[in-house]
Amino acid sequence: MTDVRTPTPEAAVTSSEPNRSRWIVLAVVLAFVALLPFARWLESYNYVLQVGTIILMWVAMASSWNILGGYTGYTSLGHNVFFGIGAYVGGMLLVEAGISPFITAPLAGLVAMITGAIVGLITFRAKGPAFIISTIALLLVIFLLLDNWEYVGGANGLSLPLAPFELSWVKVPFYYGMLVSAVLAVLLGYRVAHSKMGLALRAIAADEVKAEVAGIDTRRFKLMAYALSAFFPGVVGAIWGYSLTYVRPTAFFAISVAAQFVLMSIIGGRGTVAGPVIGAAFIIMLNELSVTYLGGSEINLAFTGLIMVLALLFFPLGLVGTLRATNKLPGWLDWD
Amino acid sequence: MALLELRSVRAGYGVGPDILTDVSLDVEAGGTYVVIGPNGAGKSTMLKAIVGLLAPREGTIEFDGQMIGGKRPDQVLEAGICFVPQDRTVFPEMTVRENLVMGGYLLRDSAKVAKRLDWVMSMFPILEERAPQLAQTMSGGEQQLLALARAMMIEPKVLMVDEPSLGLAPQAADQIFDTIRRLSDELGVTILMVEQNVRRGLDLADHAFVLDLGTKRFEGPSKEIGEDPRIRDLYLGAMAPDVQEEGEG
Amino acid sequence: GGDDDDAAETTAAPAADTTTAAPAEDTTTAAPAEDTTTAAPADTAEPIVFASSLPLTGEFSGVGAKHKDGYEFCVEEINRLGGILGRQVEIVIEDNRSETETAVSQYERFINVVDADVLFGTFSSLLGYPTSSLAEQNGMVMGLPSSGAMRVWARGYENIFYFQQLPAELTGSSIVDLVNYYTETGVIDEPLETAAVVDADDFFASAIANGFKGAEFTVRGEGGAEDRQVSLAPGYVSDMGMELVYEETWPVGFTDWLTLANAIAGAEPDFLAVAVTSVDELLSMVKALETVDFSPKLMYASQGTQSEVGEELGGIEGGLLIHAVWAEEANWEGKLAGQPYTNVDFIENFTAAYGRSPDEDEAIPFALCQGMEQAILGTGGTDNAAMSEWLHSRQGDPVKTIMGDFVWGEDGLAEERAFLVNQWQDGELKLVYPVGEFDGTADMLFPMP
Amino acid sequence: MTNFVQVVILGLLLGGVYALMASGLTLIFGVMRVVNLAHAAFIIVGAYFGYYLYEGLGIDPLISMVLALPVFFLFGVALYRILFPRIEGSERFGEMTVLLTFGLAFFFEGLMSFFFTGIFRTASTGYSTDAFFIGDIFIPKGQLFAVTASAILLIGLWAFLKYSRIGYGVRATMQNRDAAQLVGVNVRSVSTISFGIGMALAGAAGTLVSFLFAFFPSRHWQWLAILLALIVVGGMGSIKGAVIAALGLAVLSSLVTDQISPEWAPMSFYGVLFLMLMIRPQGLFGKKVRI
Amino acid sequence: MALLELDQVTKRYGGIIAVNEATFSVEKGSITSLIGPNGAGKTTAFDTISGVIEVDGGKIRYAGKDITNLRPWAVTKLGIGRTFQVTRELGDMTVLENLAVAGVPNSFSSLLGGRIQKDEYDKAMEVLTFLGIEKLANELSKRLSYGQRKLLELAAVLMIEPDMILLDEPAGGVNPALLDRILDRIQAINDTGITFLIVEHNMDVVMRLSHSIVVMAHGQVLIQNTPEVVRNDERVLDAYLGEA
């Protein structure tokens, strides 16, 4: 007979709640991340904050992607559409109305969310690989539309003013903007994973017909998942566009950007709460290291590719997933 | 020496626990054998291990003087063991005819395939009727029938069937049991099957194994097994034999 | 492949000639350089660090790699000549894979971790735009080898400098001059009445095309400032007295060149202007026009001076006009390490070092590096604020580079000078305009073969 | 009218080349459920293969195409043997291969940039800029040769899959791996062979690209996007579908280029893809499975 | 009063008429069996009732309400639960989670509710214990044996607590010892007023449970009557039972 974990009510009902020591480690990590901007004596302060900002941004985006791609099982290779839409909304409001993207970011998220729901109506007609490809198509369609929409700058894009912060502080608001988004996105991911909705989404991923026969309004849940997963990319898009001072289709709608969402989630562990977080940090740092140390040569691209391939071959379920499968996952990373 | 010999076979899935803890059994050429046991006992797992869908972790599987443990399914099939799994697997996007042709994949000779095809179709006229239909559009039972028929495209030394009667209407089930009996009687094919319809399984087979918790608990001539009160209480339920008596009596 | 060999030979020949003379020249130029370093703090003093993030892989990798050579060669030359202010120079170049996100964080690293003294700009406006914002924010001077669209320079930045003669929109003016000149001299002996303008849907390419078409656009004001209306009317096509009979824009990743060429052929323009994002588009376009058997009387392309163009097209590029910021024939007199360092020196030394002759994509970064070097010399250090001020106040005392003299206005755009215009003639790139200013200008071929 | 015919002809010719590119991709998907995101990168490798054989040894790309078949086949076989056995039987095979091939795309792009630099290339054969004229209509020779070569390859591929024993094995494996094993198909070698075939098609298509288009290593992403759209519209896994979609959409895109604007030409691929999803999610020749 | 009524329901696939103007009804509180040879259209009939496929014609009424072509989840929420002949477990979820899915509300509030509540857990464990697979509660459902999956299918439908339960071959592949107990349980549930419609090929099971039997062949309903009548009907013997 199979050796199954003996189900106790506690284990099943509350297994999801991290225990005390877990919370402590997490709190320490979070405190470290939150206090980083106070480490002003660091020589490479602005650079560290910059990389931190990018990592946090991707934590927010990968965690959001994971709601659709991880739990619901619909791999989107066009999620940067929402990233870009967020950037445009934030950028246009800044240029036209002079409102800071830090204020309009939630609105940008909302617009992305609504777009997500609308797009879902169409793309959800396909499943599996066809869905993946339809999301790529979505990306290219939106690209084309924005590229030809002169009101928002067309191919030339939008040029935004520099953020009016003093140099030594200029990174800080962006850093905290991304941190808040990242924390909220992870919390949302956690909430989804630990809610009935998460159960519904995973059921959809497993077998849609069965899920529906079990009483789940699959269409509604899928649209909800799509919309939720579009929110934070929209939010961080607005902030990121501001930090770039520049919003242009080619910068936001590249397939390589879309792929990052997928890579981070899969490498970290798709369908787990901690996976996208680990994956985002891993990929961004890997990129930084490889362009820094192999930067002089084109080999750095090959190197990144190689790492991806190796990570996959040796951690087929992602870092978190594989560690869990072999029971080596440290407790403080087990957020599921 | 037996045609098929399992010795202390231990097997399981992936990194999971052992499902078969220690299974040894002999299958003699020309015999008909039935494996019975509760759900989850490891019956299907045993057949999968024999046929190579699962590599044994320990122990040996010898067939016709050849070690087949750990070999690939196509190699095992080439050696002479044909297997029809429990969740009948047809080729969904091939027609019924193509599915049957695939059954003769190993024959290589297209004339031979055509001949077998005629024979199988004549045996299961419903398939002849449905020849151009895509397999995935057939009903559950029809697919079961197709998978069974496909296995008959070649003449294996051993035919292993996981629950031949599953999903079949009584008439169709009768026909399948008939066919199996004929394969055994007329062509001398060795039969090893799993059957939850215990009554019919024991009827058909001359020898039975009882599997539980991953090991062989009992074995013996079907008749004895069917009448053994311990086995009857534990595995056959009150109903099967009683109903049989009722029904026929 | 025969044409390729020709090209290689012809470019190699002058190089070989001059290298015989080089050693003598070398010693003379090297001597004073050694003087400045007699105090020999060279090994003790901290090196001056330049840094640039370039698209060595990805979309812009072709040009990016050449920029790397241009920058690195300049640094080698500076060091060979004794460094700057007695300090050796180092350059850190990293690959940003043509991604904005990576480019930005790399410059951030250059500023904060590498502690670079001077930032060199990157290629393409996609990357140049945000990274120049970063430089501005940090008060770092940044020379930009590309990103010539006016919008980039309308942001009111103080620390960015453009290392080309004209912003993209005004590129066509050089063609107007050329047409006027050759019409007067009678080389253009048939009237040019109709024109077609096609361009890639891209920042830079559409800027050039807009100049030809006479577009108007708005540059949005920054932080409450008024929007600026930029009018390019009536446009260079109209300036040349032609009628615009066909205009079209193709998108990124376009592949259907034959159909586009067919449509152009259908319009039968006398003059065709093609503004591209990258040279592969030009190759495809020229091949397609050849296939549909159409050639306008005069054809201009915004890029395509690279030696590969001749190699890959094997002759059919003949007659193509391309504006250039640099040319072999233009014997501009630059300066390096306080001494004259002319374009001829550049070509010669580069060829010796790399075994091939340089092209524009190596010359621009080289010139940029020259400019920065002169700013350091001029201010006596690497204080970027001082450098910026120095660079802004070159009126009357220009920065001297292998691309000519540079004087920058408030906005960081150089004081307008005409571009050079090259023409592909028999697998070779010839300078055809301006005429008489440099040795070795050739006559323009007309009409296109 | 002539112009219309002309544009349609050009579209068909372009489509023929797309068809070859897309069929390798759809084949690999069909057989192994692998969406090979590195397919276009391999096409570019093939383009360099054709280019250097032409520039270096003067071998005509059309001949290189024939050479590319065995070379890339072996390349594919080797690659498959190295990478895939580890994940072959895995439950998440489908999604893992997306990542795996994505990594491969990067890896090969990097290698190509390193060895061949990012400089654009194109092989200038005599015929690549030549055309036959029939009245006012011209038929570009390069495209015509390329399409003819594509057609021959595709017919060969189709016949192979339809009639050969391995072809049956390939189709069976793509539909049900376990069942295929149980009827005696060696799925490992069948998968290897089909990956090899897909790769051979990519290599062959690449040699055609070498003289039809200008290319450089990172060009592959743009090709990939178009090819993916084609295989979805055609119905994933259907070679017939991919060919028809390639021809149809290329003609449409040519008409859009000619009549509206090249700027909207890509819309013919992605817009049609969207429409297709709305009216027939399984694609032209995709089969609707029993729920 | 008839709880479920099929009125001239038709479903075509190209040339094949899977269900051909089928008309039958299921009395409230009864156990009705639907039998017929392979390919008769039984599963297709289930599919139309549960909304998994759309009908080409005819009406389906449940408790007087027209439910034709209603979405599956809506049918379920109305109180009809069904199992699948070819089991469809949610493979990557544990057995327990498979059961808990029944308790998901179809609204945003589902985001607020925790994963598995205590009462749901108790209910699930009770069902699993009864079917003898409680040890598998935390096993991924794709790791189950065929028979175990059949049992899970049954457990899942019991979790929904429907008023009417459609079972598609509940006995297939289930060990006879266990089957005995399952049949007892079905009878017990039925005694509490829950209606059953069962497709089954095992005649012993059918005869033992049914109050009424519907016989289908070639998509058509041949007869609906009591077990005694059906057992002796010529047509049924011909079409279905054969010599047995």
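Just so it is clear, A, B, C, D and E label the chains in written order, and each chain counts residues from 1 on its own.
Just so it is clear, contacts are C-beta pairs under 8 Å (C-beta built on N, C-alpha and C of every residue); 3 or more make two chains touch, one makes a residue touch a chain.
Everything numeric in this text was worked out from a predicted model, so none of it was measured.
Steps from chain C to chain E, minimised over paths through touching chains, total 2. Chain centre most remote from that of chain A: B (centre = mean of CA atoms).
Using the average of C-alpha coordinates as each chain's centre, E ends up farthest from chain D. Annotation: 49 Å between the Cα-based centres of chain A and chain B. Taking the mean of the C-alpha atoms as each chain's centre, chain B and chain D sit 43 Å apart.
Here the spacing of chain C and chain D, counted between their Cα centres, is 37 Å.
Between the CA-based centres of chain B and chain E the separation comes to 28 Å, rounded to the whole angstrom.
Shared contact sites, meaning residues of chain D that touch two or more other chains, fall at 109-110, 113, 117-118, 225, 263-264, 266, 291. Chain contacts: chain C has residues 56-58, 61, 201, 251-252 touching two or more partner chains.
Shown for chain A are the residues in touch with two or more other chains, namely 1-2, 144, 147-148, 209, 254, 256, 297-298, 300-301.
Only residues 3, 6-7, 10-11, 13-14, 55, 58, 109-110, 113, 117-122, 124, 128-131, 133, 138, 140, 142-143, 213-219, 222, 225-226, 250, 253-254, 257-258, 261-266 of chain D touch chain C when the two sit together in their complex.
Residues 13, 16, 37-41, 43-45, 86-87, 126, 133, 137-142, 144-145, 162-163, 166-174, 196-198, 233-240, 243, 247 of chain B are the ones that touch chain E when the two sit in their complex.
By the touch criterion given at the top, residues 56-58, 61, 93-97, 99-102, 104-106, 108-109, 111-113, 126, 129-130, 133, 136-139, 149, 151, 154-155, 201-203, 206, 219-220, 222-224, 251-252 of chain C touch chain A in their complex.
Interface of chain C with chain D (complex): residues 1, 56-65, 98, 201, 248-256, 258-260, 262-263, 266, 278-281, 283-284, 287, 290-293, 306, 308, 312-314, 316.
Contacts from chain A toward chain C in the complex involve residues 43-48, 50-51, 54, 95, 98, 144, 147-148, 154-159, 161-162, 164, 167, 170, 243-246, 248, 250-251, 254, 256-257, 287-288, 291-292, 294-298, 300-301.
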